[in-house]
C-alpha cells in the first residue's frame, strides 16, 4: 500500500494556513484529496474539498487510503489516535517537534491496529507523475520526473537534492518516500527497502541517511539480500559528536551511529557509497 | 537536552534512588569544607555536558585538603571534549563490590523503549559490547503496559542476581522507568550502578537526556533559555573557517560534508529550514559576528523555502557588513530564476547549479583568502 | 474528598477552562470592594461542602453594595444541609444562552469511567433523568485509551451542537478528562456549563470529588489533615443519642439501622475494624466527650479483631470516665468467651448473643435515662 | 470457577506479618496453598509452602487457580498486572485504600485478559468445609457451617453477621463470596448471583448490600429471573447523605444509592427484605 500511486487522501487540520498552501499544490499535482477534517468547521469546503468535524464522519462518507496531518506537534498524538480509531490504515505525519514519548505511544497503538505510520517529521511521499502527499516540491520538473528509481530519505531537503541528482543523471523517480528525521519514526529505512525490492517499477534504489541511530545499519543487512542496486548517501560526516544536528534523530553517541560506521556496513553489504550528491548520478549511470 | 550528572542524581534522589553522599562546588576555595563534611577520601568529578570524562582525566581522588584543592584547580580549568567544566561534584568514595550497567533508551529499529542491563558495568556500553557481548541483556517495553518491578526481577535474575540485591535492583529499575516516563527522557543511564560491600545499591554515575519537546525539560527552563539564544537557527559552531548557510538540516549537513570532501573546513552548522527561511538576514548577521571565517558557502534548494526571499535577506545583511571574504552561491528550486537575477544584479555573481562545483570553488577561494590574510 | 466550588474552579482555570470572573470573600466588609472590581450585578455563592445549595437559598444576587453586604451577611451565617458556610464566591453575572450538564464519574456497574452530557443543564442530573431522560447521553471510557476531543466531538454532535461551540465543548471535555485522570477524581462535574450569548463556553459551577487515596488530594493536604484528626476512627457524628461502637464498617452501619429499627436514634458512625480494634479505649474516650448520649451500644463480631481485646480497651476507658449512662453489649466471634467473662467480672453484665436483642435493650434503657435526666 | 471449592492458591506478599497469620489459618482449614511470592525471598518457605521471587516462577512450578494478594494498597496495581501477565485467571485483592484510578486500570487490563478480579477491599471467599481464601473467620463453627445457602456481601463484618444468622437458623453455607466495599470492584453482586443461580449446591441466596452505587439495583433486575429465593439485607438506612461511611463505596449522592430505593427495587423484583440480621434466619426458614 505504501507504494500505491493513486491513494485517496484525507487531510487532518485542513483549514490551517500552511495546510491550505500545500493542499492547493497537491491538488494541482493531481493528488486525490477526498476530504478534510477540522473540528467545528464541518460543512465548509476548501478548494471544493468537503470538510468534516471528525475523522469518523469523513470515513463514513469517503473511502480513505491515507491521512496527511497538518496538526501542531502537541496535538499529533490525539489526531493519530483519531485516525487509527477511524480505521485509516496509513498515516503521514509532517509535524516537527512531537514529544518522543507521544511518538512512542502512537507507534505502539498503530502497530497493535495494523496501521502504517510515516513520520513524524517526514516531508511526505511523492509518486512523480501521479500524486504528492506532503510538503515536497513535486511540481519542480528538474527535481521530480517519473521513472525507475526509488528514493528513501530521512531528510526533506537532502531528499530534494538527491532526487534532483537522479533526474540530472537522466533517470526518473518511481517513488520518493520521506521517513522523517525524528528519534523514533513509524516507518524505518529497511521497511521501505523491503517494499522497493518487491515493486517491479523500481530498477534502482537511492538511500539517503544521516548520522545517528541504527536504521542504516539495520538496512544494510537487508541490502545484502536485495536484487536491485542501492546507492547510499549519508550526511553528517563532518558533524561533531554528541550534538543534535537539526533533526532530533541526528545525534551520535560514542561510535554508534557515526557516518563512517554506517558507510562501512552499507558498503560491506553491497551498497554503493556516494560521497557527494553528484556521485549519486554517476553511480546510477554505472549500475542501472 | 543532556543534564549534568548532579542534576540527574538530584532526580534519582527525589524518586528514592540511593546516590553517594555528595556536594556541588564551583570554586576551589570551598572544596576543602565540602570534602571534610563528606569525609576523606573523596572523589572529585568534573561537571561538563560531554562524554569521555574518565579518559579526559575529569575524575580525580583526594585524601586530604591539599589534594582536593590541587585537583579542584585542575578540573575547573579543564575542557572536556569541547565542553567547559563549570563545577565539581564532590562525593564519598564508595566501597565497590560489583559494578552494573543499567539504562533505558529508545530503540529506533524496534520503535519502542529498551532496557539494557549488563553485570559488567563501569565501562562504556560499547566497550562492554565488544569485550563481554554475552553479558548484555535487553528487554523491550510495551509503552502502553509499562516496565514494572516484576519485569525487572526476571531481567536481573537472568543477569545472575538473587535475594535482597535482586529485590533492590528490580525496585530501582521500575523507579528508573518511572523517571524515564515522567520526565519524557530519551535516555536514562546509571553506569556504574554499584553494589557496595555492605549491600547498598548506589547510582554512582547518572546520565539523563531529556526530549527537548517533552514535559520534563520544563524543570530546567533556565538552562533551555540559555541554549535557545544561540539556538534560534539551531547553530552549532565548528572549528573550521568556511561558513555554511543552507536550508534544511539534511542539506546543511551534506553541504558541510561536501566542503570537507573537497579539502575545506566547515565553520558551523546552521539551519534555516521551514518558516525560518525568512530569517536569512538575521542568520547571516549572526554568522558574520565570527571573525575567523575565510569564506561563506550559501547552498539553497528551494521547496517551501523560496530561494529569492533567502537571497534578499542575505543581500540586506551584506549591505550592513563591510566584509571582503569570498561568498559562493548555489541556488536551485523555488524562486531560482529571480534569486539568480538578484545575485547577478547586486553582486555580479553567477550562482552554481551543483553543490559539488560550489564547494570546490569556496574551498579554493577560502584558501586564497587565508593566505592573503596571513 | 469533595472540594469547594472555588477550588474546583481554580483547577479548571489552571487547565485553561473558562470560568466566570470572580473573587473569594470571607467577611461581609470586603464584599463591596470585590463586587465593584467584578462589576455589578454580581452573584454571591455560599461555599459549603454540601449539595442542595440552590434550594437552601445559598445563591443570591446583588445589584449594589447594599444588597451585596446584606446578602453576604445572610450567607455567612448559613448552614447548608449541615455544612457551615465559610466563605462566599462573588462572581460576574453571566449572560446565559444555553445551560449544559457535563460530568465524568466512575460507573460501578460498568467498572469504568463514564462521561455524561445533557443539553438540558442547570438542574440536578436526577431531575434531568426524570424530566428529560432522552436528553442524557453517556459514553463509557476505556481507561487505557483515554477520552479525547474527537470522542467528545461525537458526543456533543449527538447532543445537537455544531460549529465553534462544538469545537470549544469538545476541547473542554478532553481537558476535563485530563483533570479527572491527573487529579485522580471520583467525579468532575460542571453544571451548568454555560454558553453565553457572545459565544463563551463557561464553567459556571464546578464540583470535584477526589479519591482520598489518590495523588490529587496531596495539593489539598491542609484540608485533609483537618479532616483526619477526627477521622482516625472514621467518625461521623449524627443527631441521635445512642452511641454506637462496633467493628467493621458494614456491621456498624447495620448496628445503627437496627437501633433505628427498634425506635432508637443512633448518635454516630464510628469504625474500629482492621488493626484499629486495638484502639477501642481511644475510640470510647472520644465518643464519651459527647454529652448528649443517653446510652451506648457495643456490638462486636470478632474475626481478625479479638473481642476480648476490644472489651479490655472499653473497660480501661470506662474506668477513667465517671459516667452512669447505660451500656449494652453484644459479643460474638473470636475471643468471645474471655470477653464475656471480663464483662461479667468487671461490670456484672451479661453480653447478648443477638444484635436485635441488644438493640431493643439499649433503646429501652436510653429512653429511661433520658426521662430521668430531664 | 468462582464457586469451585478446592482451588489451588498462590499467595502474593506471603512473607508479611499479616499474611503469615492468615496463611496459617487458611492452611489449617485445609486450603490448598501451593506457593507464595515475595521478591528477593525466592527459595525460602513458609509453613512448608515454597516462596518464589515472582509469579512467573511460581506458575512455572505450580498449577494456580487463584491468587490471594497481601500487598500494600500502592503496590496492588503492579501485583495485579504481574498476576495477569503470569496467566492467573482469578485474583482476590484484600487491600483497603487502593487508589480508584489504579483499580480502574487494573479492571480494564483484567477484563481484556479474561481474568476475574474479586475486590479490592474484599474479605475474601469461604467454601465451608473445604477451603477459605481471605480473611474471614472460617474456623468459627457458629459462623461457617457447610450447607446450601450462598452468601454474597460487600462487607466483611456484616458478612460474618449474616453467615452467623444463616447458621443460627439451622442452615449451612455453600459459598461465601465477599465482593469488596470499594467504589469500583472487579466482581459485582449480579455477577455472583449469576453464578449462584447456575450452581446446584445452592438452594437459597443471601444478598448483603449497603448504601451507595447501583450494584443492588443492577442485581435486582437479575433476581427477577432467578429460580432460587433471595433474602436481602441492606445496611446504611440511618446513615447521612453525602458522607462516606467507612467503605469508599458507601456514599449516597442525592437519591441514587439510598437504602430505601435499593430495598424497593429488590422487593419489586421478588427479593425478600430483611430489616435486621435476625430476620435473615426467619425468612430463610420460610423460603428454603
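Labels for the chains are A, B, C and D, by order of writing; each one numbers its residues from 1.
Operating definition for what follows: contacts are C-beta pairs under 8 Å (C-beta built on N, C-alpha and C of every residue); 3 or more make two chains touch, one makes a residue touch a chain.
What you are looking at is a predicted structure, and each value in this text was computed from that prediction instead of being measured.
Peer 1: Which neighbours do chain A and chain B have in common?
Peer 2: none
Peer 1: A-C versus C-D: which has more C-beta pairs touching?
Peer 2: C-D
Peer 1: Can you give the whole-Å distance between the Cα centres of chain A and chain C?
Peer 2: The answer is 55 Å.
Peer 1: Cα centroid separation between chain B and chain C, in whole Å?
Peer 2: Measuring from centre to centre gives 53 Å for this pair.
Peer 1: Which integer distance in Å separates the CA centroid of chain C from that of chain D?
Peer 2: Roughly 26 Å, centre to centre.
Peer 1: Could you list which residues of chain C touch at least two other chains?
Peer 2: Touching at least two other chains: 144.
Peer 1: Touch graph across the chains, line, ring, star, complete or other?
Peer 2: If you draw each chain as a dot and join those that touch, you get a single closed ring.
Peer 1: What chain-chain pairs meet the touch criterion?
Peer 2: Listed in label order, the chain pairs in contact are A-B, A-C, B-D, C-D.
Peer 1: Which residues of chain A touch chain C in the complex?
Peer 2: Result: residues 39-43, 53-56, 78, 81-82, 85 of chain A touch chain C.
Peer 1: Provide the residue numbers of chain C that touch chain D in the complex, in ascending order.
Peer 2: For chain C paired with chain D, touching residues are 2, 50-51, 81-82, 106, 108-109, 111-113, 124-126, 142-144, 181, 184, 186, 211-215, 234, 236, 238, 246-254, 256-261, 266, 269, 271, 273-274, 301-304, 332-334, 354-356, 359.
Peer 1: Mind pulling up the chain C residues that touch chain A in the complex?
Peer 2: 145, 148-150, 153-154, 157, 162-168, 170-171, 174
Peer 1: So in the complex, the part of chain A that touches chain B is made up of which residues?
Peer 2: So the residues of chain A touching chain B come out as 21, 73, 96-101, 104-105, 107-109, 111-112, 135-137, 140, 142-143, 153-161, 164, 181, 183-186, 188, 190, 208, 210-211, 213-215, 218, 233, 235-250, 253-256, 259, 275-278.
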